[in-house]
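Okay, got some structures for you below.
In what follows, subunit A forms one complex with subunit B and a second complex with subunit C.
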Partner chain A sequence: MSQARLGEEGRRSPAPRARWNRGRFGPPWEAFWYIVPALVVLSAFTLYPVFGNLWLSFYRYTFAGATFLGLAQYGALSRDPVFWLSLGNSLFWVVGTLVAQFAIGYVLAVLIEDHLPVGVQVFRTLFFLPMVITPTVIALVFNALLSPDYGGVYGVWLHVLPGVPFPTIFGNPNVATPAVIAVSVWQSTGFFMLLYVAGLSQIPQETREAAYLDGATTWGLNRYVYIPMLRPTHVTLLLLGTIQALQQFALIYLITDMGPANATQILGTYVFHQGFILNNLGYAAAVSIVLFVLSLVLVLVELKLAGGRFTIGGARVES
Partner chain B sequence: MTRRRSWWAFVVLVVGAAVWLVPVIYMVNIALRTQEDAFVPSLLTLHPTWENFRVVLGQPSLPRYFFNSLVIATGTTVFTIAIGASAAYAFARMHVPGGRALFPLLLFQLFVPIAALLIPIAQLLKFLGLVNTYWGLIGPETAIGVPFALIVFRGAMDGFPDELEEAARIDGCTRFAILIRIVFPLVSPATLVVAINQFLYSWNEFFLALIILTRAGLKTLPLAPLVYQGDFVSNVGELFAILTLITIPAVVMYALLQRRFVEGLQGGGIKE
Partner chain C sequence: MRTERGWWQRGMAVVLAGALVFVMLASAQGQNVTTVTLWSWTPDAPFMKKMVAAFEKDHPSIHIETTIQPSSTYWTALKAAAGSNSLPDIVGLSAGSNTQIYRPFLQSLNGMAAQFWGADWQSKFPPVAIRQMQLGNPAGDHNDYILPQETEVLNLWYNTAIFSKLHLTFPRDITQLVRDVQIIRKAGYVPFYQGGASANFTWWTFMEIANQFDPATMLAAQEGKPVWTQPSMLHAMQVWKQLFASGVYQQGALADFQYPTGANLFAGGRVAMMLLGSWWLQETMSPPPLPPAVQNFTFAIAPFPAMTSGGHPSPYIGGIDFGWGMTKAAAARQDAAAQVLKSLISGPMEQESLNSLDDLPAFAGMKPTIPLSPHLMSLYQQYINLLPHTQSHQIGNPDVAQALVTAMQSVAAGKLDPTTALKQVNSVAVAQQSK
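Moving on to the complex of A and B:
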């Protein structure tokens, strides 16, 4: 992305460009052949499932067949305490992971790009490392690390705080959700760092020089130059981070198995729990619809607040 | 002095990275322990041994999981690139009737959690007879990857100079030939970003694999520890040797490609 593409005013509009190929070369419907494959996978695995869930949520499925229930499934949801717990936990996941990942990811990126004298590539790779590790491996390692009878952290605890009982972490309903969130933050912060690294590297050197000439401190440079200029990156991370939090499954399933007593259940895991363990397909579909609507509302609100513009890999997307 | 480099930052980051990587170091360390040491509560062992790796590498089923993961991850990466690049080409370089509405629609998947689509996807795959097949995973994973590919490829192709295409057209190239021979090779930084992203996503995908691959011979690496967990209850060292072996290929691949991945994310493409 060149400098001109960073600022809003620098954006080239496609209209005045010599579009020799627009409709003048081949038939006008030719473009569709290039889009059809994308439309097919989208229809099969995104559009159809949304409507499929809506349909399923009106029925109850048993071995005897399907019974039409209308909206009764949603009525049952509203009286289900586990559903409300899952909804609350989902929102907690969104807020918790976003706050931590934004803060740590940004600080790491600035430290690495602006202040580190040597080893920029090495540190970028080290902090990104958890992103490439399989969630199954992460879950087993953290369970072992925090195990109250043989874990590595327990070993350190014995030396530092002898005599003080080691706390139960993943088995304690009050701290299990924040603890799994922390594991997720550990895994995903590298992604936030990397996108900020990519964003920072596009801020031209002259901007930094000008800021320092004007007597800006490191704090001032970050607060009044970097943070406003990185706006497209903030928006991208806000959107992707929200969905990432809402679709967490592996870590919760593998570390706490949604327990103790549903304490770590979120909407995504509850869909699995109802649909694939208890076989309540219609009920699980109703939970899916709630999750779908929640994602849509959050993303639309975020887009609205952000002015509807974000960027990935030099591409700008407007809505 | 434009950037305020200091050794303080170095010290902070070294300490930070050391703490950040404790779980990884711990994993490798458990894998290097003797059976007696495995349950000793400590972060590091003083008696490392390769014994666990020797035992685990003799496991006949482990190469099978690697193979399954490789087939699925390679398959979905190829399809994601092909489908994403061709759709992006149409949006960037051709007149798409209704394109203003169609493009956001195609990005829609990016903002829907997979759990919200899971049950109909499972039913559809069952209906198509794709449960317990490679295609059963390649299909939905490709659908999940296409929107990201579409954005990245479009970003690279929007800024592509018209002159190159025009010259090719005068030389008698068809539109498809222009895409394959001229545009696609020139957007390779974007291709690399999509490839790394999609390959890593697929390599580590757990949720769909758990539901769609139930037959032992078809399972992918993320499911492997669950299979072994029962067999190695008494020997954590061997289980962690497997975890380490699963982790190595993705880490090595990423470490080798990370510089170009970051460059690609910065949008290094052909610009006018």
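Moving on to the complex of A and C:
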């Protein structure tokens, strides 16, 4: 069998070469010219900053000059408690947002697609709406709602639970990070829902009917039909959700300014903090290299686990 | 029909020719105009527009091209411009580290200042501003890389309408403060708003407290000496903790911002007192409709109350609000840039800024020329009188300042005790000294 396959490949393989040789598409190297513009853009805006950052991470850089430090800044990172806190928070962000967004987004999509008798469009729009609101507005609204002493929820609390102290949320270092994650989940779940709705609409009605004829319950339908068939959507959301969590900046900066006492600091905000508040550009570059490596590792692991299958704009991709 | 079209075509040709001549003349005239570029985060763009108009009216051969951005993006943009060696001619700066970062690109302004205002030019600026101008300079470098346009005094502002309604007077010490706070809170107001997430207001609060006990040690710490574990500093940190524990500050203070949340609540009449400064007078210049508290300006100023029963309130702190540096790139237009700089500090541009009540003048003798209510005029005059006696509000090293904020937040949140927190600040100060 395997020999037969090899044989088939052997028969197929000369064909393209023959086409090149005939000059139908020009010589083989000519194809590379077509990707030169993309390579130039990629080099200028992706590769150069990455390698520039790597170079910078070996120096103490000021506008007066640069001093070579070798790996000293990476050594300093390993002894920096705020760096470790930021790293832990970054991983917490990835896990926290992904779990919540997957669960809520999926449930909302199934409820809307399968169980909502009317108003499907209205609910889809309502749940997606937070995605289009700028983080500045979201930060102001949530601060105004949840602040003790003068917040909107505090006002209601006073009437409903008089005498019971209102909890400090964003000002409490123990709950500030989960609280900001909750705001992010509120904002982004609509996107997860929308992609699941798109995925569910691709499942043929006959498949659902066949499952019901075979006696599938709602749980069974989800467990054995929807979830396996939505695998490419899961993978896409896993990749996008991971990148989004690691790139998070605006909500943290605007809601807590990375405080109290660095409690909500993540790697992305720590790069900004070191580079633009404290002017330690080389140290910030070292943190950003760690963030880059972390992102790369997480995404590669996810792709490996997913077997390289995901969807882009509804089209399935096999990597 | 044909004749009409011919007439229309001839008319269009004349108009186009006229436009062409106009453009050529304008561009020929433009060749004699020197353009000076200026970037800043303050004064706000509408006020800056008026300032530029005032300057260009007197100097038709100089055009100022301004770029005003919010402070959050301004410092990032400035850093990027410095990195690509494309800084403008004149840059808005604050004293200390924000001037020091750009020192390699900046001209020394001492000679220019002497040329503008005479050999004794330093006597025209308040002592605190003179001290801050060289804050962070390397040892032996006595050049000034920033000239201040405006200064500020920090203090507590309080809403007199709330205090009158509750039959209270502004608290003189901690005992009265704790008692009054309870009365004010019971009446439904936020008694003493603290934006604990706003870094600069947090360290200013520490200075207010520490200056009551040992201003010399506080000043040494601001200038980089590792003296954060001194008993007076520990005492200040303990008082800071107490302000949270005794409920003086609002419950969620550590996540609250002085701007915009606190300032909006204060302007809206929902906060009884908070730490602000001389710039608060500018609220009256906001576009209408103004909140009643601002419209009637029921605000008054007071020092930070004594943190020991029967003790003395804090001395006022302050210094340079913002100033200007001139880059080496401006050398190509040195005379024009110098004219702009002079106008920004002691000429029509500063006059326009003062008329918007932006802040206090750095240059002696300048004052707003717009009509002000007696109450506003009295407050303004109080500030002018206080300015020569204020103590510096700048911390020279941003790492130390940030370490202090983190320490203060950790103490307030109960994550660190005051001694450990101050040891951490001190270790940052030691590390920065050896850099």
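By definition in this document, the second predicted complex is superposed on the first by the 276 of 319 C-alpha atoms of A that agree within 3 Å, B and C clash if a C-alpha of one lies under 4 Å from a C-alpha of the other, contacts with A are read in each partner's own complex, and residues count from 1 in each chain.
Everything that follows uses one rule, which is that a contact is a pair of C-beta atoms (placed from the backbone, for glycine too) under 8 Å apart; a residue touches a chain by one contact, two chains touch by 3 or more.
Remember, predicted model here, so these are calculated numbers, not experimental data.
J.: Quick check on the superposed pair: does A:291 touch subunit B, subunit C, both, or neither? Answer first, second, both or neither.
T.: After superposing on A, A:291 lies in contact with subunit B but is clear of subunit C.
J.: Give one of first, second, both or neither to describe whether A:279 is in contact with subunit B, with subunit C, with both, or with none.
T.: A:279 contacts subunit C only, not subunit B.
J.: Look at A:169 in the shared chain and tell me whether it touches subunit B only, subunit C only, both, or neither; answer first, second, both or neither.
T.: second
J.: Using the superposition described at the top, determine whether subunit B or subunit C touches more residues of subunit A.
T.: It is B that touches the greater number of subunit A residues.
J.: Taking the superposition as given, does A:144 touch the first partner, subunit B, the second, subunit C, both, or neither?
T.: A:144 sits against subunit B and subunit C alike.
J.: So in the superposed three-chain picture, is A:124 touching just subunit B, just subunit C, both, or none of them (first/second/both/neither)?
T.: In the superposition, A:124 touches subunit B alone.
J.: A:255 in the overlay: touching subunit B, subunit C, both, or neither? Say first, second, both or neither.
T.: A:255 contacts subunit C only, not subunit B.
J.: If we overlay the two complexes on their shared chain A, which of subunit B and subunit C does A:79 touch? Say first, second, both or neither.
T.: Touch partners of A:79: none, neither subunit B nor subunit C.
J.: Intersection of subunit A residues contacting subunit B with those contacting subunit C?
T.: Shared contact residues on subunit A: 140, 144, 149-151, 276.
J.: Considering the complex alone, what residue numbers of subunit C touch subunit A?
T.: 75-76, 79, 82-83, 97, 101-105, 190, 196-199, 250-257, 260-261, 265, 270, 398-399, 402, 405-407, 409-410, 412-413, 415-416
J.: Which residues, counting only subunit B, touch subunit A once they are in their complex?
T.: 1-10, 12-13, 16-17, 20-24, 26-27, 29-30, 38-43, 82-84, 86-87, 89-91, 93-97, 99, 102, 104-124, 139-140, 142-144, 146, 148, 150-152, 154-156, 158-159, 162, 165-166, 169, 175, 179, 190, 193, 200, 203-204, 206-207, 210-211, 221-226, 229, 236, 239-240, 243, 246-247, 250-251, 253-255, 258-259, 262, 264-269, 271
J.: Provide the residue numbers of subunit A that touch subunit B in the complex, in ascending order.
T.: Touching subunit B: residues 1-2, 5, 14, 17-23, 25-26, 28-32, 34-35, 37-39, 41-42, 44-50, 52-53, 56, 108, 111-119, 121, 123-138, 140-142, 144-145, 149-156, 158, 186, 194-195, 197-198, 201-202, 205, 208-209, 212, 218, 239-240, 243, 246-247, 249-250, 253-254, 267-269, 271-272, 275-276, 281, 284-285, 288-289, 291-292, 295-296, 299, 311-317, 319 of subunit A.
J.: Given the complex with subunit C, which residues does subunit A contribute to the contact?
T.: 62-64, 140, 143-144, 146-151, 165-166, 168-173, 176, 255-257, 259-263, 273, 276-280
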